[in-house]
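Chain nomenclature is as follows: A, B, C, D and E, assigned in order of appearance, with residue numbering initiated at 1 for each chain independently.
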């Protein structure tokens, strides 16, 4: 079992993951604000920014990414070498479900042996009626990831009837709920856990106290001003977090490079948001 | 992983798939308008037209096709060499279901090792209560197809309660829904996706923008005049599509050769529908 | 994949299958009209009539049959060599079910390797709420039967809520339904399909037009006069069918030999029912 | 496949099985009438009576029995060599179920390879909503038992909604129901079937006519006078049965040896109950 | 099969298990009374007290424990060598369930081969609607533990609808229910069973009469005065029990060493609670 700090998906112990699984999760609607983002090649290029330590893709786009990398190389433009994190499960929002669930659509074996994944990811909806089923699937994923010695990132998003119908919880962003989700990352054997930003820096500090040093990244979440966004990222880092996983906030921009420059400073160079924006 | 453009089921990058799974899906009723179409041998012969790049069959007819090919050859009439696409799942409409589902009735292993399939196909009903189950089955199918290096075609037909009960969607032919279905072909790792024609050329263009260059074929759909039908096919090609999968529109005709001649011109030679009909 | 015409369960391309699975399906009540029929050894002896090309048994009786054959041989009476068809699934009518289903109680491996089965059989209730589950089981059965190169007979009995609640169908004996069931035998890769006799010769002819030359046998059904019964069998043969699977109509008789003589003439020598009864 | 008559669990073709699975099925309450029966070692000793041809235990007690045997031997008292029948499934009555079911808690492999079981047993509740699931489990058990060449005893207890809600049946002890259960032992490939005593000798005779020579043992049932009990056992033997499986009627006695002496005479020496009691 | 008395998790036949799975079962809320307990390293250190014969951890913390042990050693403070018991299943209380269930999140193979577990543990909720499913999972766990020759501890906690809705039982702490749960430990093949303390010494004596010498430990339960707590532990030992599994009662203290000293005397040196407190 390799230390995740030795994995190419971290740099100086931190990570910036560019997630591009929106075609699965939400469909074409997510690309409408920036139509060129519908083309995976465009996002592959964005992911080559030096700030990005991993691109997170579903199986089909992961296959495409590997082909694109070969082609990119042949064209002698520049080698696109951002590490690949294969997201192993996902779901569409076409379906109607009794509660949240995300079926596995790629095995660890395929991700590593055929796609050469440098990391794998799995979404868990603790709190859902399907929580137990997802624990069992994650058990298999985690143990196979250990076999192949690739780090496993848990998208830990507690939600569903167990949260909604429990008066003790104030929904998905309740700091208690977010921290419990993060702790599950530790308990279940993940190498990194991705959590919703609960809203305040002290909430993330609380969360950090409960994960025994496990790597944590905040989820990009809804669109905000660059300043607010960088502030949240900076607060996460300050509170002991290890970075960011982000999608729409990047690929829905005409030119995401500027924001990526700033994020790089905040995440890897401990710059303040103000300095990073300069 | 072979490029599908090198597969015998495409020619110049495009495909015309003759689908003959109606005995499974609808039963004898589909053959009544042209009784000789109930006899697989008749359809096998139709499939030898040079326009056809693959015949799509369920397991039992696939076994029969291979026997027929041997016999055909022995009789020294002419070798029937149209490639075989084995459709791996299917369902009858005898059953009552809570929502759309199509059980797997042939493994990739059997299709390739025993039947020598040049490609495999799988129907997915995203939007159904059984969507998640079908994703898991498709995962297995896709990864096994990669092992055997045969292309996998996804019949991507979003339908079911998730579509019907969602006021944001206007049913199965809603261009949004069709495009989402096509995108899933890319995300889940298919080599070609078969979609319902949503009605207008610009809808197919929209769809193409969301599939990252994945091969697409339109589904033959209900019966129309030859001119309208060829126009739709031509529009699909113009919009960036790669051809057609068709069944009843061909085998319910007394003599399908004329239409196949026209389709060949439209699909492989970029003829206009008017020129193709001449 | 061997041609079923080369299998010992057919003679001149036709078959007479003596089915003795009633102890499973209905229990002791089926033996009451002829108590000696409760003793498997009695029925094993009946099955040695030269008309019978296969005896269809559930696993336990199949084990018993093999022991009996050895003993029979040792006693130097005469070697009982009627081929064994192991029925792989079955159900009791003690259970209460939401819809028709028949669980597998013998693997193909056990049937062939341990019991030396010359053929295997599987009952499918298309139209039931459990149709999809049965398709999946049959897929496995069919592919394993191919591995062992033994023919697989599909008891194709469409029934259940999908038939009963569909106003387009007039029940299990609706010729449309019976023909669809037969077609599924072809589509799913059976070597022979066993169907309910729908009532009229032209119905069977219709059925034959839809099975692409697949072997078909009629199911013995309820008790009738010998003349009517032989007429139905003869009509089946005339219409292109390949014989009969029969149980109670034989073993509930004091002396079934006379009727077996007549059936032999009708099925294997194309005698008219009148000539056969002489 | 060995003849069960050559198995150590029969003597002269008959059996007396001492069942001690009550700690699983009913819990400590069954030991209260005779507290020392809560101690497995006490019952192990009882089982060494020469009348007992097998002791039936759940997995944990089977492990304990093997340890006890070794110890017993070392203590040079006398070698406890009564054969071990491992009961493979069982259930507690702590649970609430929609209908009868008994989960498997020991594999055949473990029973034979690790525990050296001389036979295995499985309880089937035909008539339950879970009948089909149990048939599938039994299929696996039976085929594995054949692989290891150990006899398999079917506890065939038809019960559940299919019996209770069917006006044709008069409950679990309806001779029709009991006989159907016994017949299933034959059909499904058991080597011995254990049935409830339906109440009258002629009922057991009826049952015997339906099992084709399969070994049968009556279930001990509720407590009766010794005379009545021996009469029932004797009637079972007279009617063609092969013995008895008994639990509480033995281990709830202060000194079960006298009754065991009598049972030995009735079961293995064809003594009348009157002579056996002397 | 090794005798558990030869296992490092017992000393002189008794055990004190420090359980630290609360981050899984209850989340961060359990650490709030003593915030440093949220840090696994703190609890790992507590577990090095000589009284502790095993630390029980979920998979992720077990991985962390092994890393910590290595580091601890390198730092030459002192080798932390308390044996590791990997708890194989667990559940969060974020989820909403129809009845109690605890999904498996670690295989025996992973626990032993990768984590070097000296023992494994499994929670069973007999009485739940999911009891049967848990029996099947435990069967697999138990047999795999035998393969690896590590002892298996059953957390036997009868609860759920079968208990609540049965008027014969007075809830989870009904001595009848607790004793039945303990007996299941014997029947199902555990090496040690962990039970709720039913309240009185004579209840535990009753329990001991039903387990055939199986090792038993009482569950720490809710917080009490040290004197009452030690009295309960002492009574358990006197009644034939083998120790204690405890979590919050230890790690929620500022300094747990004093209580651990006392427990050591009571459990391993048969001290009275009064003497132990001195």
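Methods note: a contact is a pair of C-beta atoms (placed from the backbone, for glycine too) under 8 Å apart; a residue touches a chain by one contact, two chains touch by 3 or more.
It should be emphasised that the depicted structure is a prediction, and the values quoted were computed from it without experimental measurement.
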Trace the shortest sequence of touching chains from chain B to chain C and report its length in steps. 1
Other chains in touch with both chain C and chain D: none
Report the inter-centroid distance (CA atoms only) between chain B and chain D in whole Å. 58
In whole angstrom, what separates the CA-based centres of chain A and chain B? 36
Contacts with 2+ other chains: residues of chain D: none
Cyclic chain order when read starting with chain D and heading to chain E: D, E, A, B, C
Spell out the residues on chain A that touch chain B in their complex, using ranges where they run on. 21, 23-24, 27-29, 31, 35, 38-41, 58-61, 63-64, 90-92, 94-97, 101, 103-107, 110, 114
State the interface residues of chain B toward chain A in the complex, per the touch definition above. 1, 126-129, 131-133, 135-136, 138-139, 142-143, 146, 158, 160-163, 165-166, 176-177, 179-181, 183-190, 206, 209-210, 212
